[in-house]
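Two complexes follow with chain A in common, the first pairing it with chain B and the second with chain C.
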Partner chain A sequence: MFRKFVLTLCLASTMACLADGAPPPPSSNDPTDSGVPPEPVIVPDPASRHPQVLAKTGEMYSQDLATALSLPRDEVCKELGSYDCARLAHRIALGGVEPYVLRIDQPLNVTPVSAPLAVDRIALSACGARVRADFAAPGSAVIFGALAQGGSDGPNLAVRSLYDRMLGRDPDDAELSAVLELNTAPATPEEFGVLACFVIATSLENLFY
Partner chain B sequence: MKSTLNRRKFLGTLGAGAAGLTFGSLLGSGSARAQARSKDDRGPRFLIVLTGSGGASIVDGCLAIRASESRNAAAINTYPDALVTQASGSPLRAVDFSADAVGPIPIGFTANQSGFVGRHHSQMVVATGTGTSVNHAIGQRRAVTGNEAWNGRTLQEVVASAYGEGFPIPNVHLATGTAFTERGTDDSLPAWVYGEPVADPALWPLALDGKKGLNTPNAALVERARILRNERLDPRSRFQQVFGKSPRIQRWLSQRAGPQKAIEDADLISKLMLFPDSEQYPLSRYGLSPSPAAARVREVFPNFEKDPLEAQAAMAFLLLKFRVAVSVTLGPGFDLVLDAEGGVRAGLPDGSMKNTPIAFDFSHQAHRQTQAMMWDRLYRVADGLITLLREEEYGDGESLWDRSLLYVATEFGRTRSRPAGAEDFGTGHDLNNGSLVISPMIQGDRVLGGVDADTGLTYGYDPLTGTPDRGRNMAEVNLYAGILEAMAVDTSGSGLPSVPAIRGNV
Partner chain C sequence: MRWPHVLLASLGVWVPSLAYALPVGPNAFCAQYPTAPSCRSSTPDCGFCHTIPPTRNAYGTALAAALLPGTARPLTPEAFAAGLGAALVAIESADTDGDGTSNLEEILLGTIPADRDSYPVKGGCPGPAEQLGWDPCAPDLAYTLKKISLSFCGHSPSRAQVQALKNAANPEQVLRATLDDCLRSEHWRGKDGVLWNLANRKIKPTQSIKSGTGAGDIPLADYEDDYNLFVYTQTDDRDARELLTARYHVARVDGPPTRYTAYSRTPREDVMARNPLQSQNVEESRRAGMLTTRWFLMSNTMFTGVPRTTAAQAYRAFLGTDIAKMEGLYEVPGEPVDYDNKGVQAEACARCHSTLDPLTYPFAYYAGIGGGQPRGTPAAYVANRPARFTGVDGAAMVNLPEQGRIFGQPVRDLVEWAQVAANSEAFARATVLDYWRLLFAADPSPAQQEELDALWRSFMTTHNYRVEEMLRALVQTEAYRVP
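Moving on, here comes the complex of A and B:
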């Protein structure tokens, strides 16, 4: 196991050098060395043997979405226009408690089947709110300004901004191109904005910590 | 057991549910059909657990004691003879009772048990029992696990496991905050048998569709985005590669795969939408509509907006009708429910208290009134459910009720003593009690065991024949095993005793 670890470390270090744009080490006099840098080696991240993750509660998730999308917390999601999704409508399903009326003073220890659906609703609602606001006033838009103004780099900028705001990182090339696939007919630019936001907001990386 | 949802099976059951819409209400009692059912019929049975939280005392209901029958009439909880009625030829009794107040609460009420018992006695059995705890939470748990008789599986989980595969949400808990709906301790069961909590029957259906009722891109586009997320973005993300084997993530992924789409395709957000379009719930404004069955359900449970128990019962019926669940658990909460038109300041007319504080446990303050009022409450809800289930065809002339069993679960009985001749008195918790089971799948009009009129305590029975046995007390496991046997659940390997007496000769 230790040997495997060292190997991984070495490979990772090599990748890091390449990624930083450092020149390859001077070639030796080895006649088999063509002088062409080798293809980078992709090393998959090792799976944790004891993965310990928690799902965000509905309230944590809504607060994170509000921050990422620069929305007032109360505008993230309200069922039927009145019932806050995380605080009321889907509170228990999303790991909340309600000791006073329902007498539920411990979060559920098994995620109910309705939880992923409830999360989808919260994300679609919040993403929709951000897109509508940005398209209504592109000049003061937070995320989708370029998209709303029809700029050719609008989709790309929107996806990069969403990754940064929600996951705190850049998308890699494959992620970027995958999300941009949503920007095809019949989706309108507004719909693309919502869908791009939705897939990132409901990714496992944004739901668990 | 594999925890996957068989989509074809699932849609098939929903189709059967939809077909039931056309079934009339003329079936009447279906016990003959239920009894004629082939013994190798493996079709689903449906369990309704109606919780008598706080200690539903059987000697204030089906086993009420007439004062003339007891040598200690004034010292124990007996009723004036005139208040205790009995259906012809049935051992099951009823107490019709009115009062001007419930202990210190100055709200009168009229409770009627005889109507319910008169209508359903042929499908009612009382099984006496003596529990093992007078602690509420422990008593509640043991009432549904038979005191951990089968690796800690709850009755609801066992029934969900036996009959719920292919149902979208086999085990639904509409009652919250009691140990009647705690998860069992057998981790070997598939995750889908554990209870799905419903905090609010009005809003819960909204969580059964990820996109309807929102101002979002059309459904096909959202579905395309989900596929991209599920099949490409998440699987290749560094996060999933590192943490993807977490049980929490695995469960999330399994729910997001099959069940999510199946539930949405079944349009449960519409079928289970109990509440009508209104200012409070502006469904049409969000492109939603009430359940096609909701109008009839609201007729039977007209107080569904104000009384949480009626809302639970209405949802329980919809869950069974549309073949969403095979086990539903409902029951009164521990909060005072007042339905006073114009508010409390306008006065508290008779009948305006729908639920006593702490449910049956308000017997500590006012035993007789609390028991009368709360039994009446349970009977009304049971009556409504039975009425609705009888109107729904399961198939081949059988109604849904023909395949259902309603178990009134309670944690314990109440002490029997009272100040000499007192009509208004308080009681404590007592291990000794009995439980009510109602179903066309059992031989009704029976009391398993009996009650000693001089002590007010119940005694047991032979679990095989049902013959009363004064020297015997029945433990929780007997009821647990007997209910499962009545529901034709395969319990082989469980180590449970055989208790055919609950089912009887059907």
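Moving on, here comes the complex of A and C:
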């Protein structure tokens, strides 16, 4: 069961990239595939004159997740059930400081390699907490009620609710269908809920501002 | 065989100093291009033409080749200055870094002609990006709301808030109200909040020697007094110069909402109110804000008779000038005197110590942890303190004056030192730059330099040194509002 979940999680990570706008790999079954790599299609994006993209700190990210998922801030993520992920365990990795003992008085200049792992752990923990609560009491569920009750529109409603709560907008058709592709066997409805939440919570749009 | 090596080594140091390290270069450059962003508030640094001096980057190499070709090297400073203008013009149309933009265009638009990753964005704006709703070609209100909410409140705005902004008859009013609410949030002004952490580099706390709440193993002073004073001076309608001139201290009651209240006690009253390991020991008439707190004096001056480290930290932390990087040098004739017999008159030392030592003298009258004989109250003003160090630093210490100099200007004591510092352009610029770095996580680009300069000048005038007024202006800049 755990292996199945990990495999599905890997799929979800791939989908996260797709949801962020990366083009899908070319299919090897494409009848027009001549073996020669096609010329890349470059779509001009509006370029920022002064690009200043900032990453949310661990505390900002946790606070946003708490609000989006209607969780108490202290229940978003705790390592070993005791150490708050953003305030303690991953504080420095996620842009925090600790001037008194560690003498780290400014955020690190370079994002450490452990930062993505820390983000994943916070997102998984928070998403798992919301899904567990909603599936335990579908009648008073916040996001995954219809999914927990087995309604056919449950997955669709869950994804739309997640976009609304986390990103403050509706998904477009491509985004919606990309996330809904996670709703296939072997994933159970509960696992789909965690994966859909994780994909959206770890999208670039939700991590940076 | 040894002498020729020594001679060559000496020449190796000397020849580059004639051939390359010519300080007239940046000024001559700015005389040629006075409107270049890199010339608006200062002059270009060495990195404009060099990688690590004397090694030149691509632009410097091209410039050297165009500079008085055929003339024997090394050039004299006079010949260098006379020929530089023509050489600059000669390579204006070249593209030395191969990024597709001419050197002249890069100079005038504020990008770097030696860096192929630094070039002006061309082609205009094709239109708003649909997916995120941001418009990278113009100030974007929704983007600004999100930045204000995250930077100052610590969380994203809700969808309803964004919609309310879009529907508002006066969206500027909504942004202003959001900022004002956030400036009162715990995220911004609470213990360990944004403002608190902005003071880390000024205070340099060390828990092991903290006194008061959460005392360390060797309690010497409580840095929370310093954090309280910092946050107090940066909030509400308060004059930020009091960071250096306050004669009061600040108490904090944790919230929410966290409250800061100014109070003044004599050293004796403070011992009675708190304890001897926490009390502020400088009498009111001798106080100079964060420069005379117990923590600042004990952690920087420690046991030193001539506390150069203390003065250098004050210069760096509050005025943005780092003497260790040869910044803010104002050589004073006749200095350094070397009252403490440390050999600072040596040629390699004298240039910096001619500024640093007179900068330090007023600090020498404030005790750190101890060190002199007879011992006195730590972290207090001591009228004859230098004389107490004759046994350690030599007889000349009795002559060390309380008068000093900052920015070349004579001051009679540390209180006047702090007033000159607080009223200086350096203080205003350093204060505003702190917030710029906080909100952008970067220094201003050359193209943004003009906005930064306008901000710190307004901070000194129309904002009347109120940080919150300055921040209301900062969030209206193009740099903040255009995605």
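We adopt the following convention: the second predicted complex is superposed on the first by the 161 of 209 C-alpha atoms of A that agree within 3 Å, B and C clash if a C-alpha of one lies under 4 Å from a C-alpha of the other, contacts with A are read in each partner's own complex, and residues count from 1 in each chain.
The working rule: a residue touches a chain if its C-beta (ideal position, glycine included) is under 8 Å from a C-beta of that chain, and two chains touch if they have at least 3 such contacts.
Owing to the predicted nature of the structure, the values given are computational and were not obtained by experimental measurement.
Colleague: Identify the partner contact of A:Val101: answer first if only chain B is touched, second if only chain C is, both if each is, neither if none is.
Modeller: both
Colleague: Thinking of the overlay built on chain A, is A:Ala178 touched by chain B (first), by chain C (second), by both, or by neither?
Modeller: first
Colleague: Once chain A of both complexes is superposed, is A:Ala89 in touch with chain B (first), chain C (second), both, or neither?
Modeller: first
Colleague: Is A:Glu59 touching the first partner chain B, the second partner chain C, both, or neither of them?
Modeller: A:Glu59: touches chain C, not chain B.
Colleague: Touch test for A:Asp120: chain B only (first), chain C only (second), both, or neither?
Modeller: The first partner, chain B, only.
Colleague: Hey, is it chain B or chain C that touches more of chain A?
Modeller: Greater contact footprint in residues on chain A: B.
Colleague: Tell me which partner A:Arg130 touches in the superposition: chain B (first), chain C (second), both or neither.
Modeller: In the superposed model, A:Arg130 contacts neither chain B nor chain C.
Colleague: Taking the superposition as given, does A:Thr67 touch the first partner, chain B, the second, chain C, both, or neither?
Modeller: In the superposition, A:Thr67 contacts chain C only.
Colleague: Once chain A of both complexes is superposed, is A:Glu205 in touch with chain B (first), chain C (second), both, or neither?
Modeller: Both partners.
Colleague: Residue overlap on chain A between the chain B contact set and the chain C contact set?
Modeller: Residues 44-48, 52, 54, 101, 103, 205 of chain A touch both chain B and chain C.
Colleague: Under the definition above, what is the set of chain B residues touching chain A in their complex?
Modeller: It is residues 168-169, 176-178, 183, 191-192, 194, 196-197, 199-200, 203-204, 206-211, 213-218, 221-222, 224-226, 228-229, 232-234, 236-246, 248-249, 251-253, 255-256, 259-260, 263-264, 281-283, 285-286, 333-335 of chain B that touch chain A.
Colleague: Which residues of chain A touch chain B once you look at their complex with the stated criterion?
Modeller: 44-48, 51-55, 79-81, 83, 88-93, 98, 101-104, 108-121, 124-125, 128, 132, 174-175, 178-179, 181-182, 186-187, 191, 194-195, 198-200, 202-205, 207-208
Colleague: Which of the residues in chain A come into contact with chain C in the complex?
Modeller: 21, 44-50, 52, 54, 56, 59-60, 63-64, 67, 97, 99-101, 103, 105-107, 164, 168-169, 172, 205, 209
Colleague: Using the touch rule from the top, collect the residues of chain C that touch chain A in their complex.
Modeller: 121, 123, 125-129, 131-133, 135-137, 146-147, 150, 154-159, 162, 197, 200-201, 203-208, 210, 440-442, 445, 447-448, 478-479, 482-483
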